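Shared between the two complexes below is chain A, which has chain B as its partner in the first and chain C in the second.
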Partner chain A sequence: MLQIKPILAALKRHKAGTVLIALQIALTLAIVCNALFIIQQRTEHLSRPTGMTETNLLTVANRWVGADDKATPSLGKTDLEALRRMPGVVDATLTNSYPLRGGGWSTSVNTTPEAKKEMAHTTLYFTDDHALAAMGAKLVAGRNFRPSEIEWVDAKEFQTTPVVIVTKALADKLYPDGSALGKVLYHSGHTKPSTIIGIVERLQVPWTGTWASNFAENTILIPRLLTGNFGSYLVRTQPGQLERLTKAVPKLLIQTNRMRVIPEERGVRTFAQVREQAYKSDRGMAILMGVVCAVLLAITAAGIVGLTSFWVGQRRKQIGVRRALGATKHDILSYFLTENLLIGAGGVIVGAALAIGMNLWLVSHFEMERLSLLYVAAGVIALLLLGQGAVLAPAMKASRVPPVEATRSV
Partner chain B sequence: MLKMTHLSKVYRTEVVETYALRDFNINVKEGEFVAVTGPSGSGKTTFLTIAGLLETFTGGHYHLDGIEVSQLNDNARSKIRNEKIGFIFQAFNLIPDLNVYDNVEVPLRYRGMKAAERKQRIMDALERVGLASRAKHYPAELSGGQQQRVAIARALAGSPRLLLADEPTGNLDTQMARGVMELLEEIHREGATIVMVTHDPELAARAQRNVHIIDGQVVDLAEEPRFHAHNARVADA
Partner chain C sequence: MFGYYLDLALRSLRRNKALTALMVLAIALGIGACMTTLTVLHVLSGDPLPGKSAQLYYPQLDPRDMDGYQPGEDPPVQVTWTDGMNLLRAGRADRQALMTGGAVPLQPAQSSIEPFFENARYTSADFFPMFEVPILYGRPWTAADDEAHARVALISRKLNDKLFQGRDSTGETLRMNDVAFRIVGVLDSWRMTPHFYDLNNGSYAEDEGVYLPLTTAYELKLGRNGSTDCWGKGSDPDHMDTAPCVWLQYWVQLDTPAKAAAYKQFLIHYSQEQKALGRFQRPPNVRLPDVMGWLDYNKVVPGDVRLQAWLALGFLLVCLVNTVGLMLAKFLRRSAELGVRRALGASRREVFMQLLVESGVIGLTGGIAGLLLSLVGLWLVRKQPSDYAALAHLDLPMLLATFLLAVGASLLAGLLPAWRACQVTPALQLKSN
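Moving on to the complex of A and B:
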């Protein structure tokens, strides 16, 4: 039975409790909607493909000890030859960085040397002709580097290279008509062009932060190996050999040359470990926000239970009078559920506006995306259902108040 | 209209059984105005709560308007309370959060009555008790006598077959009590059946018939109007 008008009339006489609980619902909705939206964005980001074949891939961080920068090319070549000869190894490469590593080299590029404004921000992977095979990246157009195109270079003296391989995302950004292959790009501040000789389907940048999300797949492979201590080896293993090689590779490298440090922590990692560590803070943030949401929802539910229980206790006589006047148990149950629904409706209307306002503030102050209205709608439904669930127990208690309560003195 | 036969009400604890009503017999005919008197703890209120289907009884039979109520479920009892019985309580029992209009509307809403009919009945009932002009007032803004008149309007609005009044003037001063009593007499003259529990012998004397209860039993019941306690005998309902 609809009892909205008298319930509203009664609520007007209990403004403080009503407004407080509606505000609690509103704030919970605003925070939970935004938090869940952030969680969704973080978790979506967690499952982003790197563009590499992540299984059977080993990463080894290597630091030379006491070696002159000029000596590192020969040391690196020896390592690579030894690694490629190892039984169970498919291929190996040296690179300054790789997807999800956390650190790397970024720059901006254009299609003309005189352009003032950057067309695209990108990362640079300094590597060799074995990179595509070692990474398991898919070349979708053009060709790989030739061995003759690979040179060693000091990072401080790097200018540009005649040829580069780019990701499809970057190629499409620079040449939206799809004609990037064979065209040129210019590194910011440089006048020498680099011809795009190959396009890989996808290769993620090393960073996982929100700031890098705008150029997450803008990558250039440079056919140069950096001298000095900039290298990590990527080793592609045959299926089933990863675990063995995780132990065998560092042993081999130490046997090849003891004058190096392979850090105990994060020195030798399977790519699964790289992924897990790269997104650890994101996962932590998602869990933290999830816990905050759960706690907020629990507090709101407890608030509703508390207030309704208080009101049921306070109105015990009134409930008895209603029962005496003909209300069934269902009528009493329905009264409290409707009352909560009305308070909840007020709360979610304010909460929806707050959620959108809070998101707009986050968008303007941080690198956040616009909140999808689906989240607000889902939040509204969830909060209303939570309210109905929370009020059920005290409402059922109210419905059990016997009609004879009407004759008892308070 | 109201017939109780060998009715009993027992409150049981682990160690003791207390009879609130024992072999209780009463027969109230349609259109009667019966006053139920008795000392405190005699069972008057228990009788009234059972008569009003606010409580169940332990044994015996109770027919209300021809219906044996002992086997009715909670919903059916609610329906009978709503449609056949009007309650007037000593403490008025108005809902403080609702104004006069909304208070009178409460039982009509539970009947599922349409808004237009509800409005008509509410205004008629408020006119009847002389409080139509106070429809938007809250109970706290009214005197005790006015609050009891609102309670009477609430009881009348549903056109009940039986009015049960529990010390209807107990919380009122003499002047207000007189006004309420005159109203009840007027309602009775118009054909209503009224059962009124009271401590006040003066009010009881104004009823058509007195029933005296002691220790949960009717000890003095007169079949004739204006019959008084001193020459009554136990009724055979």
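Moving on to the complex of A and C:
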């Protein structure tokens, strides 16, 4: 540490180089901090469980063509019976939407009919008594729907149902003391109550975007099947049957009734595909940011190595003189390490300010949250360590300069 | 002299291969990242109808009630059926079209093709000449067809290839939603990027396969795709023509700025008149953006794409700073050599030029490598699932921009080191040797 003064004096003779390294460290810190923060934001929910048993699950989007809305209940019933009879099928259900699908029904929910402000936002899945088995969702309290509670309803005329099943997240939100089972809820501003007869451990909403992040697991299962020409079948298969049924299920449906369209794209998907497609752009952005970070750090490290090597080469004679005058190898090594630490410190101070400034700019122009200072601190430490690591090789080389170098003229 | 400098530069670069490779690689990565993201940005923020877009306007009115009224608020982004029809029939613009998106179940006559849903556009006759839609066979329907709710349709070339193997299908019958339509025309390949005339179903959505008269589609209650905003007593799916809801897009063509100003006046008069009639309650709040103005207002370019472009620029900056630092060290280390050249009579300018040639060589090599990298980058972008992925191609202007950026950037990066290095005092350098 005694060396700081001579180091500063020496750096004054290399102003441009010093400033450039510091600037590079600063810019790298600013970009890496923000990129890491974006990665964290994007990947936070990538691994979120849907609450369903995602293996051996097949989704089929169905659209009736030329069928009257009033005819769709009997068509749907025929389909479901045929699906449930299929060899290899454990259970099948019909629903308006399912986790990660992308589109669905969202509404407000309260514990009193008068409340002006919503207590929570939620999604509604219109489905039947086979839903829990087909989805593989875990009922943690209460009971499933009874077959007698299931009816068909037109989406335009739907109001409320006497009974509902909710997720634990929503139950706890509505009744924080854990007493939700058997209590009532009011949704969509209707005045008729719905009694909570069952609570499932977890069931995610159809959306993955940031706008749905504050109600990601608030779900109500409604014991109603929607008439009309849209719907999705969820089919749970026996182990090892998924691949075969991916082809067999659409074939069976077409055989059952030709008055339908199963879209070519995204019509028949295993749930693994649903998950992959739902998070593809988030994952892509996170990977891109990760690559950018890695390359930036590599370039900065290479830059430090390159520049320090030059300085070492330039100062061989001085190093020789110092060695001849009694400096140990360790002294020389620590000289270059300290020098790099000083430049790095200057860089990260500017860089931290830049990182925060850049984040504020991103917040005002893009959908970003405030950067946590933890990221800046982590970035500062990472860049200082990177600098020390990068400078090690040239510094070792410098420490090996023999004292006899002092006597050489070139 | 240039040849000699080039020779010197190459010798110098060969002397320290690792360093040269590092500088070239840094520039190449910076340029590659920049060009990839800028190309995507360029494609996505392009003018969908160059030469025509400045004459196309999107009138906005405010037909809402006073509930939640705040002065200075933006008017709704679509129009009601009543206003759309009133403005369409008034015919005060050079051309005008009212439209919405939809999806129709198509029931091909051939049993080999299963029924399928096709995206449709329900619009009025002027749509085709106004947006300069290329017609391969037949002709668009007429205003008389609109009035008569005629069962006529135009189909896209892609759909024509699928259903009729690309032959002239005008006059053929097409069953949609259990109704027989007569095909009056087939479009040539046509894709608007962005999909400016209706941004509700994705800003870079593909153009529709089927085009039907709006009046016909409404009468047959064909399925709609798009957004609906209602106020007052709200949506009424069976009577959308009178419901207090905006759900249609209305476009006009106005050939001169004077006509545009006049049309805006007309919209204000229309709003006042509707207010006098009691239909509108708010003070006239009229907008008339043109195509590019409308795209800006809707911020169609995805945030991620802009974010990536800024990120890439930052990346390039770091790469350049890196190169400047390395070049500086390299040039300064050659002070002795440069001192000898100066002492032998080379002017400061000549030494400066020599060093600039060297940095130019690095820049050019880096630029070419960067171009290859950006081709790889664009190929990766095309592999992405987004609806604009297929559009990511390098065009000529962007190709030229890449080169200018690469050479410009590296020359810029070479300036400071070269200037510093050519400041050497020959005597001092010679003495120290």
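What we mean here is this: the second predicted complex is superposed on the first by the 302 of 410 C-alpha atoms of A that agree within 3 Å, B and C clash if a C-alpha of one lies under 4 Å from a C-alpha of the other, contacts with A are read in each partner's own complex, and residues count from 1 in each chain.
In the analysis below, a contact is a pair of C-beta atoms (placed from the backbone, for glycine too) under 8 Å apart; a residue touches a chain by one contact, two chains touch by 3 or more.
Predicted, not measured: the structure shown is a model, and the values here were computed from it.
**Student:** Is A:344 touching anything from chain B or chain C once the two structures are fitted on A? First, second, both or neither.
**Tutor:** Neither partner.
**Student:** Looking at A:406 after the superposition, I want to know if it touches chain B, chain C, both of them or none. Which is it: first, second, both, neither?
**Tutor:** Only chain B is touched by A:406; chain C is not.
**Student:** Should A:51 be classified as contacting the first partner (chain B), the second (chain C), both, or neither?
**Tutor:** A:51 sits against neither chain B nor chain C.
**Student:** Between chain B and chain C, whom does A:76 touch in the aligned arrangement: first, second, both, or neither?
**Tutor:** So A:76 meets neither chain B nor chain C here.
**Student:** Please work out whether A:325 is in contact with chain B alone, chain C alone, both, or neither, and reply first, second, both or neither.
**Tutor:** The answer is first: A:325 touches chain B but not chain C.
**Student:** Based on the superposed arrangement, let me know which partner A:306 touches: chain B (first), chain C (second), both, or neither?
**Tutor:** second
**Student:** With the two complexes superposed on chain A, say which partner A:99 touches: chain B (first), chain C (second), both, or neither.
**Tutor:** neither
**Student:** In the overlay, work out which of chain B or chain C sits against more residues of chain A.
**Tutor:** C
**Student:** Which residues of chain B touch chain A in the complex?
**Tutor:** Within the complex, chain B touches chain A at residues 45, 48-49, 52-55, 74-75, 78-79, 81-83, 87, 89, 91, 93, 95-99, 102, 105-107, 109-112, 154, 158, 166.
**Student:** Using the touch definition up top, name the residues of chain A that touch chain B in the complex.
**Tutor:** 1, 3, 5-6, 9-10, 13-14, 317-318, 321-331, 402-404, 406-407, 409
**Student:** Using the touch definition up top, name the residues of chain A that touch chain C in the complex.
**Tutor:** So the residues of chain A in touch with chain C come to 16-17, 20-21, 23-24, 27-28, 30-31, 35, 38, 63, 65-66, 156, 254, 258-261, 263-264, 277, 280-281, 284-285, 288-289, 292, 295-296, 299-300, 302-303, 306-307, 310-311, 313-314, 362, 365-367, 410.
**Student:** Would you mind writing out the residues of chain C in touch with chain A in their complex?
**Tutor:** 19, 22, 26, 29, 33, 105, 107, 114-117, 177-178, 237, 303-304, 306-308, 311, 314-315, 317-319, 321-322, 324-326, 328-330, 332-333, 384-386, 416, 420, 433
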